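Please find the structures below.
Below are two complexes that have subunit A in common, paired first with subunit B and then with subunit C.
Then we have the complex of A and B:
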């Protein structure tokens, strides 16, 4: 049997590959695309209740992220199409856009993205090598370095807020530096007129006035909670009807994130056990602590609905890169995160502490990896017999 | 190890256990309904024999001998577990030479090439008439002698497996499992065998039961083979119980079948027969039946030939040693650009660098897929630690962590992560969304680990040798001291005696001593001369014999080559063989000085090596020089057949190979502490 040989050299005419030759259909690109698509309901809710600001934030972040990714891949002599084409930068920027205040001036969001992509992700070696979640790190960076502007550019939600915070209005606030108070007043007017039609109680009028005062001073609901819990008098703050127009937005966001999470779970992109463990731990700890110290810990419904708990549970905690490695480790990670969120919310000095909790537990992930090792195949074999 | 009766009871209740991980790839089993056909006899048959010869085996045929189908060609050493190989058709042995083996790297190995004469005569079948009343040793000897090996893919010697199980539990093995899972996509040869030859397989199981006397006999079949299950249920009414396992890759791997059927996890470092479990493939069982009841040795096997590049897909019974080229051209291969020919299934098979390789006992499938059927692998991107690989690994490993350790040449950490438990099933690479070639890296890592292990063993041996030498030297030194002391004492005594003697007596004694010494020296010299002479005689005789044998085989090969129209030409340069004629002519000694770097690594301090070279005289070239490239006429005038008589003898020589550690190993070679 002769090998096909000509002029002393063997010509390789057959295709060579390493086994296995079959391949499952799911790719990194698909995973990222599904994550992006599953966030559409949340973006819709955000636009409906908070105005069009999110669109501009998303554009800001995405353009910055893509340009930076291209730059980084040029510097590292890698293919631009490969690094940008995996869509991970766009996922990061969308999550960042969802967490940043909608009316934040454009340069702040650009700086947050630069920090997220360059410092947190690229310096560690690109996709899959970062220790901290880039979106959360960018958010924390901007929140620590300029807390005033971040706190004041939040919008109190109202149904059909997109009518007040239109594209042009949002554009002028974000890019031209116009004041947001006019838009905020319009949105508040909507809420009050809605509520007036519903009921006319003296008590609700009083809370409305209280809210109005808060709004005038630029504080949101979480700010109010913070000022109460600092004095240990959180129990004096009234509970909230999440079906009322004022707080409807939070319920809608909750549902939107749930839909997104179910989509991800059905595609097996996130582990169901991890999400279940997170919610179980969160509800348990929050419930126990609320009953023990009602002055410091908010109620379970408040804890779930307000702030970034839901986006954290489905999108940020489940980021595989910054997570623990094994499935067992991921469950421990989720429990640790729930614990941190509950306690940092009670004693932290910022409004919402999900980002801090996420970064702290990210730092613990390598340790969890070491502590949760899988048993090897057939280890019982000797012990049993 | 003895299973508890509770466990056995559980197994007898037909409980099906789940094993961790596994994937569900597309099945691609297009040939489930095509009957097993017989392939024509090819024009050449090439049988790799290194696996059937071992280091000290014996070749039973020579170039030019006529052989019949089923004739034994090699006889491995009796102590080794290797089995002989048999001629798969009748014909003339045309060469015994190094040929390309079915291996992803295209290694060469010693093969016997047979030119079939077309008559396909067989040696007389020698069935064991009443095997039911025969000794178990006789049956085992027959299984070994007729070349039965594992046909599932690992090609482990069946006799070795059975007799180790018998040795472990002489009265009764616990469980006998017949593996008909065939979890790999695209392969259907076992499926077809079970459909067509269920009764023969049942007979084979009976023979196995006679040898092993198992407490429970189980036939495991995946639930996607409905017809095979029906046929087997009918044939095995009271011989064995059938377990229908859920279709999942890799159920068919031995440890996974055992886990699925019995719930026992046998670690990868232990043999399955230690636990009293023997597992055999259905094709192996069939060949056991053929060896004992029909008296026919293993000369053929069933191969599934499939893939969209073929005009026809089929299950074919192929003579061992048939080339893949012959097989594919018989089924009408219509190759695409850079056609991949995969030997084995799409999950664990490998692409062939050339299709001129023989089919051996372990090949169950030849796959020629188009790009639409099996897309080509894409470039890998970064790992996103999604953990899919860890969720599908049947060995409970965390592949992406192991991969990163292996990439960093951190071999100790790799071992700790469990590289030895990896069965290279390919499930992790299948699910990886970043197209990372995990399995390929693990294959490499395993080779490196083996290298490290070998180096360690060598080091340990060298250390022991050094210790022994030191001990020996110390002992010799002590003995020398003792002798010295004795001699000194003797001299002292003599001097004292001399001092007492008169001068005449002294002279007398001196002369006497001198004479004695002279006699002793003479005797010694004579003995030495005689010894030398006999040594010379014997060495001369053996050298002459060797040269004569070489010449004879050379002449014979020349005759055959002339007869068959081949041009006689050797692969090795002619001058490498030092015969008496060439020795004197063109031998030159050269002193080659090595570069510093090489000398350092070789650990030699002297300046040069003396290298003896035998320069060939350049042939006088009268042909006009061609302009440009030479015309490629390899298709019209194929390269003449090479006949190498030297190889006949070369397999007996123990060539010491210099082993150089790869660069990767020099970095870290620390092993984990146990």
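Then we have the complex of A and C:
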């Protein structure tokens, strides 16, 4: 009895922490909740243009992530409610769901989540200790492991694609292993009928049909870019309007991520300086390189709108755990990331290389920290005493 | 001389050199050395020696078996020879002499494999010849065979060789199952008709993860094996230590 009482006292005393007892208004839980809510427009756009696949991807990833988090906290003798309740696993799985192809069979998204949560996050010590961004690491893992199936699961977007890729259709593709082609053809048909209403002359019909052939071969726009840039002939790829039905989706996603980013910035969850530095560096490097070597580098609008640039700028780069720790270092980090994205997109062997660029600059972040650490007052500065 | 002492300490871990010489000859300590190489001082999982062939060759179970047998053979023979002639070697030039013997043995093994198992030879490539520079063999020669008589050296070499062989095989099997979905693919070239009956498919090709047979996968699985070994080895101690922890301050 005495022992248990003394244990109770030990508990009380050891639970205390030393002064100062400051408490931020924003807890981790709130931050994660706001991030989740700010991604709602993006999810809506994704559903509208790419079908309901993302809902199932999100479900897959979330269930796997929550189960794994619970398992890890059991193994570590930590409170499950605390580890699962901080919602970071759900944010990871939502970002993973947004980056994975919408029609990816369930096995692969589960594997990606297992890698992201178990190996990238839990083994390094859980939230706040991970070196690499879990979502990006999971994406890279599945991209390298199964390039074929991941590449062929992307959907080329069309307005109102959710009518073709309905809940039941997506369900049968993702869980029952049904073929994607039927749904993709329906989506493509939508694009063409949409365009026909706008302009009916024979010439555009012919080009649209050519487009259709292109899409039918399973190539998304980034695939086409890749095959052209491999030969250094990217400037020969036909131009396009981002307001046309086929490319509208990218513009809408851009706007949706911008809205989410503005929400995050207004809550001061992400650092505005970093985002500004990223965009400035990205636009500058992309503009210069595009004008110098138009055969290899895509134009600035393409670079911004297509692929994962926007989600990277607002949600992945600004991850407080994996970016640099000093305020100067964060800007260098953003510039490095922009540089890597532009150059890996020109010379990388995968379609979109944002994830690889993020992982590379995450690996550089500790080095950037060391290089930019603040000089203590009075200590030698640039060789002068 | 000081350098050699360092090396001994590094490869032998906690073992004191004087202990070895004292009880080197009785059978019990030989068995102890044997099991030490097999488990607690395993060259692959504990000493972390020979990582280059360990990660490069283990893309399939069969090439892992091939390299494991070759390493075991060279390790045993070199330990035997070196322990037999250890008193004739000048201390100052012992490393070149060891290398000479090991290289001779490796060349013989290499020609043998090239003649009788050409497919295996093609698969192993340069790593068969690189057994010469394998740190396990040099480490055993320097740390044990150069100081002990023939029989203990034989047991030590066998323990280390078999330990390394098992690690190679397990790593190769896991990587092959995850990466290609098969097990013992190509065993026909190694074991003939018996090997053909061993070949089997475990996971269908749709569900394989190619990253397992790429270099990062090798590091991941190796890390998991080391972690598993440490977990099993320290299970009792960890349980005992955990019983003293105060649950309330662990979040």
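One rule holds in what follows: the second predicted complex is superposed on the first by the 341 of 385 C-alpha atoms of A that agree within 3 Å, B and C clash if a C-alpha of one lies under 4 Å from a C-alpha of the other, contacts with A are read in each partner's own complex, and residues count from 1 in each chain.
Criterion: a residue touches a chain if its C-beta (ideal position, glycine included) is under 8 Å from a C-beta of that chain, and two chains touch if they have at least 3 such contacts.
None of the values given here were measured: they were computed from a predicted structure.
Mind telling me which of the two, subunit B or subunit C, contacts the most residues of subunit A?
B
Quick one: classify A:144 as touching subunit B (first), subunit C (second), both or neither.
Only subunit C is touched by A:144; subunit B is not.
With both complexes overlaid on chain A, does A:26 touch subunit B (first), subunit C (second), both or neither?
A:26: touches subunit B, not subunit C.
Check whether A:82 is in contact with subunit B, with subunit C, with both or with neither, and answer first, second, both or neither.
Both: A:82 reaches subunit B and subunit C.
Which holds for A:111: it touches subunit B only (first), subunit C only (second), both, or neither?
Second partner only.
Does subunit B (first) or subunit C (second) touch A:119, or do both, or does neither?
In the superposition, A:119 touches subunit C alone.
Using the superposition on chain A as set up above, list the residues of subunit A that contact both subunit B and subunit C.
Shared contact residues on subunit A: 7, 10, 14-15, 82.
Looking at the complex, which residues from subunit C come into contact with subunit A?
Per the stated touch rule, the residues are 206-212, 214, 216, 220, 242, 245-251.
Tell me, which parts of subunit B touch subunit A in their complex?
1-4, 23, 25-26, 44, 46, 99-100, 104, 106, 113, 185, 255, 264-268, 270, 275, 323, 338-342, 344, 346-358, 369, 374-377, 379, 381-388, 390-391, 394-398, 400-401, 418, 421, 424, 426, 429-431, 433-435, 437, 439-440, 443, 629-630, 632, 634, 638-639
Per the contact definition, I'd like the list of subunit A residues that touch subunit C in the complex.
Against subunit C, subunit A makes touches at 7, 10-11, 14-15, 77-79, 82, 107, 111, 119, 141, 144-147, 149.
Inside the complex, what are the residues of subunit A that reach subunit B?
1-7, 10, 12-24, 26-28, 30-31, 82, 86, 88, 126-129, 269, 271, 320-321, 323, 325-327, 330, 369, 374-382, 385
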